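The following blocks contain the structures, represented as structure tokens.
Presented sequentially are two complexes of chain A, the first with chain B as partner and the second with chain C.
On to the complex of A and B.
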């Protein structure tokens, strides 16, 4: 958390260029899309406890526009975060044992309900579920 | 024969907020597309793009977008931008309403959910 907060500070003061910062923010689930930043939060298997759900609502109310979008992979995206606020959002997620790590790029990702406990491919010899359980997104 | 240059505007995202902004003729960044400088000369467009790209602490990802003259200023040419531009002008989706807004009767009722907080 502190590491990413420092990276954001360095981006804002110009010590990091956008090219240098891009892989760092993507590793933390932060995209820059056509109209705004977007933070994708991992929800392993799409399962949330009430405390986590309330924290997501708190994040939406405090740092976004009061709502988020659940994805087809059962994660949630906040579409209007501001860059200086993202470290605080990640801290709020960590407070309820959530994060946004590896919710982008070429890595083990969350899946739709049909792949909850099995591989998405019948012929596959390995299920991604254990990896998903540990890596979350 | 050289191709005719399509007029451009310079657009980017604000570094801090991520909002889309457009470079105006007096070197401000405006969220309004029709406030942008419409650039009709290719060399000038490249110069304005370099000027925008140099503002690394203000904006990120500056690029030239096709545009055309309109009655109130430049209008976007690309369908997605035109659509987003039209939505922004007609549907208040970009701010969180403090209370439920009166919904225009000309719009389908289901679109009201877009602004529900």
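On to the complex of A and C.
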């Protein structure tokens, strides 16, 4: 966290170029889109508890435009974060055991257990979530 | 979607009733869509980790590092061939299996406890049954947004983030807080985000459903459309994305409001429309029953349609219909396809995908291109 905050500072004061900063930000799930940065937050197994959902709402209100976008990768994306605020957003995520690591680049990404069937579906053979966790921790 | 993943694992039981996995490798969407091949029909549960490691080990040996567009495991599987890659995986698995002494199974047992089902309540569901009969708004929602739970007193609730005219997958902070409250009150504090961009409450007692539904309706989260036309997957497209070649979100919004105005989506029934704003296919258009791919033709948005895609256990990549359509023509084009389906289906229970598989592409192509507006198709 401190490392990335220092990298953001160096980007802001110009000592890191965008090309140099790019791999560093992507490792923390921070993309640069058409109009703004976009932060892609991991939701492993697509699973959230209410406290985490409330924290996402808090992030949307405090550092974004009051909404978030749930994606086909079972992530949530914030579309309008300002670069100086990103370390604070990552800290807010860490406070509820969330992060934006491995949501970009060549790595094992978040993979979905078939959510609706997880531990409740009548036809389901067994819950896939525990196996998912052992294969991609 | 297991067949469209690098490694897909489908939970199955063998003839003796033991749990295990069918292992599929080499699926994927993106610019080179492929359906995974089954390398193992039945893998005992305890062999999962060494087997997946064997797959990755073979991929590590053979995988292309010379070209990032050919780096994915699907290319490796395709270039090596299903039989040979299966042989290599099994040979590597035989080497790796003895190295796994059971620590992974101990860890799995611990993790399994963390995913234990909640303490289910035992209470009457008469109120649910009565409300279902009496309130048509509730009934429509229950018919589309509930899935059968293994406990007959419970239901799996899908909260639609696809209100007609809104951006698919978007939730406001107020909606997120309400969903958190409802999960706490009625859903054993469990929330799941689906790849179809909705939110799932996996365990809700049926007696709580009328109250839950009323709260959702008030917050714009009560749309009864899960699995229907307007339950569209759409990528952010050119409204946000630096890679996009066309807009996706407004196409999804216009389709939803157009068919809502025509009151047709419940009549049309189960249908998956998936929209991507570039060939990277974040919107999974290859496996949409109707897929829409937004391209850039000399600076103008052009939308290519595919039909017959399927992301389930009968996975298929959709077929292109022919020339694409301009932004203003795409919604009427989809209407022509769906009018054709309504005319072609043998009975209302024959879904779009079933009808497409029975009659093939030709009647839909005819409806799409041999109409009055055919000359507009570019």
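By definition in this document, the second predicted complex is superposed on the first by the 111 of 137 C-alpha atoms of A that agree within 3 Å, B and C clash if a C-alpha of one lies under 4 Å from a C-alpha of the other, contacts with A are read in each partner's own complex, and residues count from 1 in each chain.
Criterion: a contact is a pair of C-beta atoms (placed from the backbone, for glycine too) under 8 Å apart; a residue touches a chain by one contact, two chains touch by 3 or more.
Just so it is clear, the model here is predicted, and its values are computed rather than measured.
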Figure out whether A:43 sits in contact with chain B (first) or chain C (second), or with both, or with neither. second
After lining up the shared chain so the two structures overlap, which partner does A:32 touch, if you call chain B first and chain C second: first, second, both or neither? both
On the A-aligned overlay, A:17 touches which partner chain: chain B = first, chain C = second, or both, or neither? first
For A:84 in the superposed arrangement: first (chain B), second (chain C), both or neither? first
Given the touch rule stated above, what does A:72 touch, chain B (first), chain C (second), both, or neither? second
Counting touched residues of chain A, say whether chain B or chain C comes out ahead. C
Just checking: does A:58 make contact with chain B only, chain C only, both, or neither of them? Give me first, second, both or neither. second
Which superposed partner A:7 touches (first chain B, second chain C, both, neither): neither
Report, in rising order, the residues of chain A that make contact with chain B in one complex and with chain C in the other. 32-35, 66-67
Contact residues on chain B for chain A in the complex? 13, 15-20, 56-57, 60-61, 80, 84, 95-96, 116-117
As the complex stands, chain C meets chain A at residues 1-2, 5, 9, 11-13, 19, 21, 45, 48-49, 52, 71, 104, 107-108, 111-112, 114-115, 117, 147-151, 154, 156, 158, 161, 167, 169-174, 176-177, 179-181, 183-184, 189-200, 202-203, 233, 235-236, 238-242, 244, 282-284
Contact residues on chain A for chain C in the complex? 31-35, 38, 43, 45-51, 53-54, 56-58, 60-61, 66-77, 79, 106, 111-112, 114-116, 118-122, 124-131, 133-135
Touching residues (chain side chain A, partner chain B) in the complex: 11-14, 17-18, 32-37, 65-67, 80-84
